[in-house]
C-alpha cells in the first residue's frame, strides 16, 4: 500500500494535472479531489495546486477558500493532515487562515515566470524533510500575486519559530517581505509555497529535478508513520 | 493636506467578470438579496496645497487620461470631507 | 433597490505597489502636487429590499469575511444616496 | 405612454420587424449602407429572399458578408492553397473548417491555427489581445481538441514611440493575462518593431490542440429534432456598434427607448475564467460523446454559429431567440444575433443526451440553454416573442456570400524599391565606423532580448513543454508514455515581403520550416495569418495575391499543405498600409521528444558544423 495524495481541482485550477504527475513520479498514488465534494476519499495528504481559482477575481484564493472541500481540508489540517499549497494553493491557505500573512500583487505589477533559486530554510516540515537544511534548489516560479506580506510582529515570529520554509535567492521576484517564498504552520504539516516544485520533476520539461523532494518528503513521512 | 478620491468603474454596458465572480459566490457563502455586484477601483490621492477648482480640474484630467481607461471605464472625482 | 458601496483599501502599513506605480508616473505625465496615492477596490452592491440596520450588518459581515482580507485590508461600508 | 399603444401584444407586433411585415412593406427604406453592404449586395439579398430582408436578416447578412467573415476579397486567392496542395496523408481535416487537423501518429491528431486581432488591440490593447487569444482557443476547442499551447506573433510601431508604451505593455499583459489564466503554456511568438505598425499593431495568436482521431468534431447541425444548445457566458451588447442603427429604427417602442443604454460597447471584455470552465466542460461532453456538431461563437456571434451549423448540416434549424440568456435585457433581436460576447459555444445534441449535457455544464458552473432544434426543412428560422423574424436559406448567409475579383496591380514604386539595394549604402570603412555599426545593430530593439515579454507568460503549465522561449520553435510532448511530440514555429518578415511579396511569403515559410526541422521534428503542415492593407487598393491587393501565390508554391515545393489560416485586411493608418505581413506557422511531429535539439550548446567539446552555402 502506498500513500494516497489528493490533489484538489477548483474551477480555474491549472496545475492540478502537474501536481498529480509529480505525486506519481514521487511514488505515491495521486487522487483527484473535486472542490464541491467534502469527501477527501481517505487521502493521506492534500495538495492545493496552482492556477487561478475562480479567476482570482476578488483576491487570489479568496473564493476557493469557501468551497466545500476546504471545510474538510481545514479541519484535517488542524488535526495534522499534511497539506501543501502551491502558488494559488498558498493563497488559499492564507485566505483560510491556516497560514499567517497574505499574498499581494507583485511589486513590479507584472506576472513573472522564471527559474528561481531558493534556499530550503526548514527541512523538518512534512513537505521538506527530503532536503538538507540550507539546500539550494531551482524550481519554476510563476505568479502575479506572489508578494508575501505580514506585519512585522508576525514576520519576527515566523523567523523566531523557524517557520520560513524557503527563501528567494539572488533575486526577489515579487517583493515578498524578507524574501519569503514559503511558510509553514506551527505543527509543520501545512506548507505554503509560491514557486512550483511540480514543474521541476522531469528534466525534459523543467529546469531540473529539484522539486521532487517536496513530494518524496511527504511520502517518506506517511510511510514511516 | 487634502484627500481627493477618484472612483473608477467599468461602464455599465461592459462585462465585469470580477463583479460577477463575487456575485456568484455570495449565495454559497450564505449571503442573499444582492442582485448585482460591480467591482472597480478606488484611488486616494493626497494633494499638496488647496484643492481649488484649478486643482480639481487637473485631477479630473489625470483621471481621464491616466487613472481611468475611458474606452471601457467611467470615473468620478470628489474631495473627501 | 438600493446601492451599498464597500471600499476596500490596503492598510496604511502595507506596501501598495499599484498606488506607488501611479504616483511615480504622475510627474512624467506632467501632474505635480500629489504626495501620495493609494489604490484600492470599490464594490457596488445592488441590494434587494430595504437597507436597514440588519441588512447593513449582513453586508458588513460579508465585507469582513469575504470582500476584504482583514490581514492586510481595511474596509468601509456605506449606503449610496 | 401613448394612449393608442393598445395591448402589449399588439404593440409588440408593430415594433418587431417580422417576416410578415417585410412581405407587407416591400418599399421600406433599410440602412444597408450603414451596415457596410453595397447596393448590389443588398439587391442580391432581396433576390435570394424574394422580398426585402427583415431587420434581423439584414443584420445577419451584413455581418456574415463582411470581409472579415466572408473572405470575399481573398477567397479567389486562397483557393490556391487547396488547388496546389501537395499530396499529404497527414491531413485529416483540411481548409474550410474552424481549423485543419493533422494526423501525428499513434492515433493522435493535432489541430492548429493562427488568427489576427489587430484592430481591437489598437483600440484597447489589453482586452483586444486577451479576446484574440480567447477566440483562437475556442476555434481549436470546437474541433474536439484539448488546447495545449499558444503562441503570439506580434508587431509594434517604433519601440521609442510614446504610443508603443501604451500598446505593447497592454497587448503583452492581455496575451499573458488570458493565456496564463487558461493554463495554456506560451511556447513562442514574435516581436518586431517597425514604424509601419505604429497606428496598426499586429496581434496574431496561434493555438494548438491535441485529440484522438475519433474525437474530431465538426461544425454542423444534422439529425432532425436534435437540440441546439447555447452555453457559456450570457449575451451582452458587446461588439455590435454597427447594428445600433437597426435597433433604433426597428425598435421604435417609445417605452423601450429610454431604458436602453446610450451606447453599445465596441470593446469586448474577456473572461478567461469563464473560458477555462468552457474548455473543461466542452472536453467532458466530448468525452461522453454527447455532441453531434459544435461551433464556437466568435465574430458575428449567433448569426455566424447558427447559419454555419445549419449550412454545413443536412437539415434546417429553428431558433427561439427569447431563450438566449441575456446580460442586458434591453437588447433587440438584431443585437442578440450580432453580439460578439465572448466565451460562448453552440452545440447540437440529440434529445436524449440533453439532460446529461446540461448536467455536465452545471458541474462546471457553465450556463447552458436549449435555444432551438434541427428541423427537416432547409431554412434557418428564428423566432422572437412568438413572431418569425428570420427565414433564410442558411448557405446563402454562411457559405455563399459575395466573391470579389478585386483589381490588383504591381505598384509603380516597386521597381524603384527593388533597385534601391544595399550596394548603394555606404559601408563602414574605419574601425570607428565599424564599431558604430555594430553598436547600433546590437542596440536595435529588434535584436534585443524579448524576455521582458516572455517572462510574463507561463511556459510550464501542463508540464509538457519541451521547448519554449528562447528557442526558435516550441515543442510540446503529446504522449507521456511514448514521448510523441509536436513542434511549432511562426515567422514573417514584413520588410522582405514588401520588397517582394512572392518571395517574402516563401521566406517566412522557409524560416518557420527550418526552425521546426532544426528542433528535430519533421514539418507536416502550415497555417498562416495574412496581414495586409486595404483590398480595395490595387497595390495592397497585388501584394496579397503575390504572397498567396508564393506561399502556395512554396508549400507545394516543401510538401507541407496549408491547413487553415486567417486573413486580416485594412491594416493601415489613413491611406498608408503596413508592410505586407504574411505570418506563417509550421507544425512538425517528432517521435521522441527526448531527442529534440535545443538551440544552445549542451556539452563541452560539441562540434560545430555549417550546412549550406
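Order of writing sets the chain letters: A, B, C and D. Residues in each chain are counted from 1.
Here is the rule we go by: contacts are C-beta pairs under 8 Å (C-beta built on N, C-alpha and C of every residue); 3 or more make two chains touch, one makes a residue touch a chain.
Each chain and its UniProt protein: A = Phosphoribosylformylglycinamidine synthase subunit PurQ; B, C = Phosphoribosylformylglycinamidine synthase subunit PurS.
Note that the structure is predicted; figures quoted are calculated from it, not measured.
Colleague: Write down the chain pair with more C-beta contact pairs when A-B is set against B-D.
Modeller: B-D
Colleague: Could you state the distance in Å from the CA-based centre of chain A to that of chain B?
Modeller: 34
Colleague: Centre to centre, by mean C-alpha position, how many angstrom separate chain B and chain C?
Modeller: Spacing between the chain centres: roughly 9 Å.
Colleague: Measure off the straight-line distance from the CA centroid of chain C to the CA centroid of chain D, and report it in whole Å.
Modeller: 39
Colleague: Could you grab the centroid distance between chain B and chain D? Build each centroid from C-alpha atoms only and quote it in angstrom.
Modeller: 34
Colleague: Send over the residues of chain C in touch with two or more other chains.
Modeller: 66-67
Colleague: For chain D, what residues touch not just one other chain but two or more?
Modeller: Correct list: 271, 273-274, 365.
Colleague: Chain A: which residues touch two or more other chains?
Modeller: Within chain A, the residues that touch at least two other chains are 54-55, 57-58, 66.
Colleague: Let me make sure I understand the interfaces: which chain pairs count as touching?
Modeller: So the chains that touch one another pair up as A-B, A-C, A-D, B-C, B-D.
Colleague: Under the stated contact criterion, what part of chain A meets chain C in this complex?
Modeller: 58-59, 62, 66, 94-95, 100-102, 104-109, 147, 149-151, 175
Colleague: Help me check something: in the complex, which residues belonging to chain C touch chain A?
Modeller: Touching chain A: residues 10, 13-15, 17-18, 21, 66-67, 69, 71-72 of chain C.
Colleague: What residues on chain C touch chain B, complex-wise?
Modeller: 1, 7-9, 19, 22, 25-26, 29, 31, 33-49, 55, 58, 62, 65-67
Colleague: Which residues, counting only chain A, touch chain B once they are in their complex?
Modeller: 54-55, 57-58, 63, 66
Colleague: Flag every residue of chain D that touches chain A in the complex, lowest number first.
Modeller: Counting only chain D, the residues touching chain A are 173, 176-177, 180-183, 271-274, 276-277, 364-365, 454-466, 477, 480, 593-594.
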